[in-house]
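Okay, got some structures for you below.
Two complexes come next, and they have one chain in common, chain A, joined by chain B in the first and chain C in the second.
The block that comes next holds the complex of A and B.
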């Protein structure tokens, strides 16, 4: 603790500049409010208010088509839904879909990313090509595949016949329909995982590999102890993001199978749609929706927490 | 792995790194067959991933008879542009869909950008109470299942006479792109040093003028990239479109194209041509913003 003789430069010479002549009334606080308020207002009007309305409706037996006044029935809708065998079945279908689709996408996406990251030339072009499916509209993807999986004219069956494997009714067989939806979703979203995994892989500093080569670490050890730990946090973000999206899947099912055959591909989202727009049981559908929102909020919490951790590093 | 032991065979060859061949080099030369295997695997995966797109392109250019050929014709089909002509015929429902899509996607993107960019700047520059919570809250509105949100929105729009109007779709798309715009733009604003603004303020500009004259011009590339993504998202959106605007006059291209498979017979050539026409602008736009894809597809949350 030496005695410091340096004094801070005198502040007397630095008078306040003649700033903000015209907009003096706009203090920083007001400006921030003015800039943020319109955005928040739109979100409140079209995201939060509708959700609150759905919450209100979920406690009533309101129907959008009947003109009779609705009754307040407390938690009737919720208890009905949570004890309904139909809902349980949709939940299981959704769970099977989410878990298998995400597992496949992660495996494939990471593999492709790893293979691309090991190439030195043509990396950019390869990445761009692989990303095409992800940028397409679910409508386009659904229609592409509906045609390809068509039992009569579909190219998939045509290939299988040529190979002597026999045909299959991809979208109308109860055992295969869900698998088809999983395959199509995997086709579309594998590039997403690949893209993010690739971002992680290319960010691994080279000197770590060089160091490990000097140490003569085996390929597997290198992968296990250098690549994976560094890519994992980013990959987890991608997986959680996909999980949320897969959980709310609707459009692919709507176009590919319409929930059928029977109810074999009905996800929770699709069941909500049927309850609301085909059964006109608006109150019940709202309760159903609120339950889904709760699941999404829990998943989103995980996502945001990891994201926060990643950003703070 | 931190322990560094010199292998005996290297030690016997002299001082490591001077006389002996570095092990790394020998290591790299060897796995030639493995490299070929990797390239082959990558090629197979690329073909599998791209085949559906190529197949749809082929279908859109094939003669009607070749489309329904069994077994499917990979090569040797007759080329025709009839399906694309049919897409652009004046009485085709898809044409109106494209017009509406351009209007809806364009306007909603402009609204989202006008509201989102200033908000992102404010979130980046100012001390705002519970800033992080607010930002996370904004992002989480984007995660709501569309089918759930559409129920109350439908009732609300019915009371406001916004059902089957392009205005209704524009509003909901603006709201749906706003969280993305704010998050994505906040990243771009963070990259522009606040010192430029402070310097401008020392020169006599107010904070607002400093934003307008100094920061905003620097943000233009970022704004362009963000707007392109918002455009792609609105262009591709299906759930809100199909429930809130189903009449032919207001509906956008995705429900219009999906409507082509409603009947008893499906004209796959027309479907393929419409889908290709619809997808082409997206692919072009995505190619333009390929540098920002990671941030774009994670709603601005992950930046590299």
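The block that comes next holds the complex of A and C.
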């Protein structure tokens, strides 16, 4: 019988190859540190440092354009903002926008995804087609919707007139302006919800539907007890992402209405922009930004806890 | 030596802080006051002298004029960078905030001077102007409004004022009327409204009036200021820094009432967000009887490619007439236009070149050429010259309007003040606020801004 036992050579006779010897101070730990250093540097430079800097500025009366030293004013900016009627008004406008836009986008996005998921032919092409608005720059979307919604020269009113429905002042009527912003945002971002919902719908195990068919469950019962509960957590994550995005809406408002008529479509982000760049109240604008970050973090925490509880069930 | 992660993080944080401090530190190499011996600092190396302005016809005309300057200074190229008008202030002042500019000569609106001077962003050219500019050649109002600070009364120079810029582009509103539909230009504001109403009634599909109403920059604010001036109102008391009780006095309220209840109903539906381009488009499409527009934006009205009023400029001019604004209780017209200034953060050789450009620009023949290209010069002799008056059909409007000009406040708080005014006038025009309420809000909010700065 052959002897397959390999006797290890004695360690004393071994020497490390030249390259390994040269880098022997590079332990696994050090190497890991070096590898993450560039990413860490970027994160610190582009995210953490500006955030901390903004936090510092929020306690001062600093102005980016004034050549005078800033004063430390503690929580003055925060108390001014939290007690400002202007800020309350913008918060209500933002809330109306976020709730309406997200509700509409979720309803439409899920419906479209559900309908697409039931098709076997052309599903890929349809999905790609529906995703196009999401790929466009919000500024481009804002500009072409601004032209389309123009009361005098826009194609929307022209179409409505052809149908005998009359013209509407989409961007200058106080009741319609915010609705127009919601509609345009919905047009652009419904595909995002649709995409996530579609991923959830296609992941539902087929055998559940097969079992329900054997039990002669109706279409509604299958939707209510199989589809919706399984897709719901994923849908909620999509809603969370969209809600955070919608909460800091700026570009569409800037392009479509400029916050008008009056201030009826001014969102919190738009107001931060005005605070920061009209008169350059940098300290106050920083406090405004920090408050918005805090609101998002707190709301997201509540939301994630609910989501976790839902998944634990 | 073992590299600990927290040491890496600390090193990166220190590097970040160093970069940030460097970014916050002063950039540029210029001085706060311009030297009078700038000629010794002129460079013979290739140099691009860059301006920043907003996108409109005079910006292109200035770049065209720059080719004339290149004939005198062959190593210099003039580049006029433009931004959308809504970003104009921000594009300049965000760079000032960074203390580093990618432009040498900002074209500042007359009201931006206070902010730029108080923040130390532009060169003091007082000594240069005394030595190289024939100030008697200009209407003192122009020199004050486009370049001097502080002013005790808006637009009027004071002995202590320093000079920070020189007139580049004069401007005011002109009334554009359809002379094929309205035989004589109305002489009073009330007559103008009556003529617009009659024209609208007689020509279905047309609206009586078009003017700036947008909630952007100074659009709706200038409209209100114009009507306020015509009806004998005042914007503020500069000596007392008082706005409350002045802008919203009886004359001010009358002006707001006329604007919202008499003029607005004569405008096209949905025109509540109109600014320069939209007013031009409405006139070009033959949709309005009377329009109000800045003279600098008027070349767009004579372009047959974008007009339905005629296939040639001559045909268009058979239908469009231009006149100075009608008077009423007073005769003020809004001052538009801008001065040219020099960034404190531009390199020394660029600052010297900018001063040389300013000196060159003051010559009558250069200003005449500027007028031929579509600019509106500041020199009195050029404004009265046949060459200027014949250069464009609306140029006479400007010459006639010069004694009637009135500007906003040119305080450092201008951006905040004008935002309050534009937002609330826009709200009144679009029915989100009642006219009197909007005016009272303007007065109280603007007063609060001025009180903060006292």
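Assorted remarks:
We adopt the following convention: the second predicted complex is superposed on the first by the 273 of 313 C-alpha atoms of A that agree within 3 Å, B and C clash if a C-alpha of one lies under 4 Å from a C-alpha of the other, contacts with A are read in each partner's own complex, and residues count from 1 in each chain.
Quick note on the criterion: contacts are C-beta pairs under 8 Å (C-beta built on N, C-alpha and C of every residue); 3 or more make two chains touch, one makes a residue touch a chain.
All figures in this text were calculated on a predicted structure; none of them were measured in a lab.
In the superposition on chain A, A:278 contacts chain C only, with no contact to chain B.
Of the two partner chains placed around the shared chain by superposition, chain C is the only one that A:151 touches, whereas chain B remains out of contact. Of the two partner chains placed by superposition, A:73 touches none, neither chain B nor chain C. Look at A:53: by the touch rule set out above, it reaches both chain B and chain C. Applying the stated contact rule after C-alpha superposition, one finds that A:258 touches chain C and leaves chain B untouched. Of the two partner chains, chain C is the only one touched by A:174; chain B is not.
Of the two partners chain B and chain C, more residues of chain A are touched by B. Residue contacts after overlaying the shared chain place A:64 against chain B and chain C alike.
Once the two complexes are laid over each other on the shared chain, residue contacts for A:246 go to neither chain B nor chain C. Of the two partner chains placed around the shared chain by superposition, neither chain B nor chain C is touched by A:235.
According to the touch criterion, the shared surface of chain A, contacted by chain B in one complex and chain C in the other, consists of residues 29, 36, 40, 45, 49, 53, 64, 152-153, 277. On chain C, the positions that touch chain A within their shared complex are 1-5, 8-9, 12-13, 15-17, 19-20, 86, 89-90, 93-94, 96-97, 115, 118-121, 214-216, 268-273, 281-282, 285, 287, 413, 415-416, 419, 423-424, 426-427, 429-433.
Contact residues on chain B toward chain A in their complex (touch as defined above): 1, 4, 7, 23-24, 27, 38-39, 41-42, 45-46, 49-50, 52-53, 55-56, 59, 67-68, 70-72, 115-116, 118-119, 121-123, 125-126, 128, 132, 136, 138-141, 143-149, 151-156, 158, 171-172, 174-175, 178-179, 182, 201-209, 232, 235-239, 242-243, 254-255, 257-258, 261, 268, 271-272, 275, 278-279, 282-283, 286-287, 290, 293-294, 297-298, 301-302, 304.
For chain A in complex with chain B, the residues that touch the partner chain are 17-24, 26, 28-29, 31-32, 35-36, 38-40, 42-43, 45-51, 53-54, 57, 64, 108, 111-112, 115-116, 118-119, 126, 128-140, 142-148, 152-155, 158-159, 161-162, 187, 190-192, 195-196, 199, 203, 210, 212-217, 221, 225, 234, 237-238, 241, 244, 247-248, 250-251, 254-255, 269-270, 272-273, 276-277, 282, 285-286, 288-290, 292-293, 296-297, 299-300, 304, 307-308, 310. Contacts from chain A toward chain C in the complex involve residues 25, 27, 29-30, 33-34, 36-37, 40-41, 44-45, 49, 53, 64-67, 150-153, 157, 167, 169-174, 257-264, 274, 277-280.
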